[in-house]
């Protein structure tokens, strides 16, 4: 970590600051510039609060050299992590296809979709029970009842299930859920992340609406710092000024995260684009970019879906995607 | 609401859709274009789920004419709302100055700041007890104990207090808090908003990190739809690619919201810019733009603050801002 | 096009507006809503100036149903365009690999890079002669002399050349250049686009720093409206708040443009990410997403490049990318 | 400037780099960290090309301590610059009100608007002759003829005129224009900036569509490096995901620039918001934030404007704004 001091700081003030750094267990290196004094800090700086440092009136700016995440950092954990969900593995060359409807709507619906996507190549079933919606007047999901239906589909097909949590108080309802999803709008719901950090269950952490990669990895760090190292990252597009697509899918996040972290990263091309016709090309692109899995919305009858908008594929379209994905994976 | 159909849709399909609209209590107007058929919908369309509509395979696009918020909409409530907190009023010409430290750190600190800001013109005291931090290793606030200290400061100075909530399960701790703040990262924590909608207590709803005005008003609508109409909006800057300031303070949101809604809107220039020197000009600009109040970070000893970064004023600087604000308000 | 009128407009005012629309050769359809009157316009609306319409004080909002571009629109030109550059074709299944250094630095450098990239699979040579730099103190390119060196490399290798233009007055210097590139910062330099529209030479139009797809296609329309239909679009990343990568590569623009337009679209993964290690995964992803070509920075000695930053590959790395690209293309 | 090296770099490589730095006239300070070596550079680093430095394979990252602009930098020019246009002054407490129509449409129109805005408090007349439009089918301005009409208005009213240039080849047409405006889309048209740097005439440089403050000051630096120090900056809103306003007016840019630079900065609330009702509050806010001037669109008959959209005031509304502005200025 580098701390740049303002011009004209008294040497006594510098001494005080240096003393404080040394109390934090850091070694200190000082360079005198023409205008500014620069203090280099060596040691474990993850616990130094950058904002605290910036408040000090003799400090001009602070720059981290090493990343502020530790558990998620590839530097301290060079091997790719592998997350196991029953027989399914994600990461380090293991690829998982997660498919299912945006919302669970009925027993008939979820069983039909589950059966079909399994036949066509899905490894896990997704389906929304608790639905975060911008409007209080929009369908809010079947909630607890929806989880029960997902568990029936799991029983019937043997596929593990992934579903989204919206509040820490709902954790007991997720006891038999295989992977708990944290949605984009809750990526920085830190109280929820802390509670999930106490579980021994994989967490699928979606990237926030407009969060950068560093914040995303810091949210993973919240879960891991609590003791739960089973974090799967999921890129789902970020907010920009582009208007044709719902979000801008940031596929460069995939190889970037592979450099920074050992955690597996999957891609959700359905929510990212919001357009069914774009799901296939973006799914293939995600695989080519190195994603460890895909999360794709599939519906038995898209024209009647309760909430998933224009972005769902039907099972036959999903089959086509799954087949092409397998071929791309052979090339990569 | 206008629904544009794709080219070449069979008339039978159109009839089915029209029938469904009519069942929702809407009147329907059809125009045949050269390429597309356009369906105009008249009546209460707030309960129509736009995403649901877009999924239908014969639909090309959907455009709302009227806004999707009802309780927050000025159209249905032309008079400015006034929120009362004890003797303090906000809205419809009533201006409130809220000041205090980023974090509550100790009894001595909060009492000193509270006493000073009251003397210099503050109407309410702010102070963070629960602190949302990007890193799990940064100071997380004094939590319940911090609220106790705020209540002591309230007792001593008579000023109502505002402090942030991070999880619905903490609501009992906020029983004696006068105004509950929802922070930017929780603006779309819908489960929390629903719980706050059940209270009879003013909610200060900060704009999300990268949320637009419509989403912000929809989050206010979540609280209001639950029965709690006491919502104060707070602009605090949005995320852009500008790097000198922490966020980009969107002051045009102030007059824009006054057009769209009857709710009061205040501005937080401290978090928005992240730079103490910018607090005064942006505070004055906010007042000139028509804000109903200001929320300003003030610290007894900025150089030792535990978390507020470079953005706090000292009490004397706050006094200067408060005096200038009063003068600008006379002009406006 | 749909024009929504404000509530309470006098029927005489509506009649005047309708009359004006009819004079523009449009047919008019009127629907009376509960609050608003909606006017549907049928016919060629590309020449209607939306901003002009919005100024009229009885107009609340205007929405285009059909896109404002005509020459670039797939609706009026369903077949994929193929751009021919000597023997090279781009579009409609024809894929082109463009490679070369960021800047032309010397005869030795450009000849060496050209020879190598040709051997390893490039179809065209790129190299910057005129360099747009944020700082006036940074290297501005070899300018005319750089074009001469590119022409020597063309002579030696037989590869057509692509290089960037920065001002219409330089057009004479580009007489023997095969493809003229318009850089991101000039995407809306409309006077330059108009001049390029008068040429009979392919134009490679990069997406602007922060422009959306519609604006990009409108800039293509500027060139095409002048009579030059040979436009190749090039996605190169857009500006967001993500800080690890230089820009955010928007690969969903590739299939989106294929839906909207018949023009070929290629991808530049080097500028988009600014990081050499990300070039390969993003190149493969671009191909999987359906790109008609790639534009990749290759340098003989990246450690000594004059301007291309951390984003260049060496020729051997380029060879590896080209081989993998060929395999992905077989799958697609 | 600080250069952080990658871990494990050989000392010989470091020596080579240090030697190169010293040849550039810089003094070098080396700190050895646990993982990384940090090189501090002291002296005039504005001519160091950061991107060049980043390419070097032993370099991990580069951070500037001092800003890359020199002529525009307040550090080297502590006094506020004052730009004189005839009797009008802008900067260092001198405030200028610029008003006029978006486009020059006819002699009658421009003379009427000019006369009225002068009466109501304008110091300078603006009017678009060359109009940058997204669509080639939209009105492109009266061009040279428009400039002639502006000159007639100048002759009649005595007000200096400001109008936009779109291409360096048009400079001769601007000989009698008092202030040449560079529009947002040309802020990084570096060839144009260089040509304007050779003139002895004030340049009004608008902030780019999505450019940050540093890039904006670097564009001012392009003009100043050529010898023309008469640069007036104009904030006009930046692109975000907010949809109610056309752009997001970044008023914090005003005090931020005052810290960084000695150049005057004015604000254009008309283009920024695109909504007439927002012009007044944002104009007052700009003045409260410390702006050195305002640029406001005024039209004699907004309902018939050829291009300015919903954002123009009529002369009486402008009068009201000008009066309130004067009062706010007394407070500030």
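We just call them A, B, C and D in the order they show up, numbering each chain from 1.
The rule is simple: contacts are C-beta pairs under 8 Å (C-beta built on N, C-alpha and C of every residue); 3 or more make two chains touch, one makes a residue touch a chain.
Just so it is clear, the model here is predicted, and its values are computed rather than measured.
For subunit A, the chain with the farthest CA centroid is D. Interface comparison, A-D versus A-B: the higher number of contacting C-beta pairs is recorded for A-B.
Spacing of subunit A relative to subunit B, judged by their CA centroids, is 26 angstrom.
With each centre defined as the average position of its C-alpha atoms, the distance from subunit A to subunit C rounds to 31 Å.
Between subunit A and subunit D the centroid-to-centroid distance comes to 39 Å (mean Cα coordinates, whole Å). Shared interface positions of subunit A, defined as residues touching 2 or more other chains, are 210, 239-241. Subunit D contributes residues 2, 4, 27, 29, 31-36, 38, 40, 42-43, 60-61, 63, 65-66, 210, 239-241 to its touches with subunit A in the complex.
On subunit D, the positions that touch subunit B within their shared complex are 210, 212-214, 238, 240-245, 248-256, 259-260, 272-273, 275, 277-278, 281-282, 284-290, 324, 327-328, 331-332. Within the complex formed with subunit B, the residues of subunit A that make contact are 46-47, 49, 51-52, 54-57, 68, 132-139, 166-170, 185-186, 188-192, 194, 208-211, 215, 218, 221-222, 225-226, 239, 302-303, 305-310, 312.
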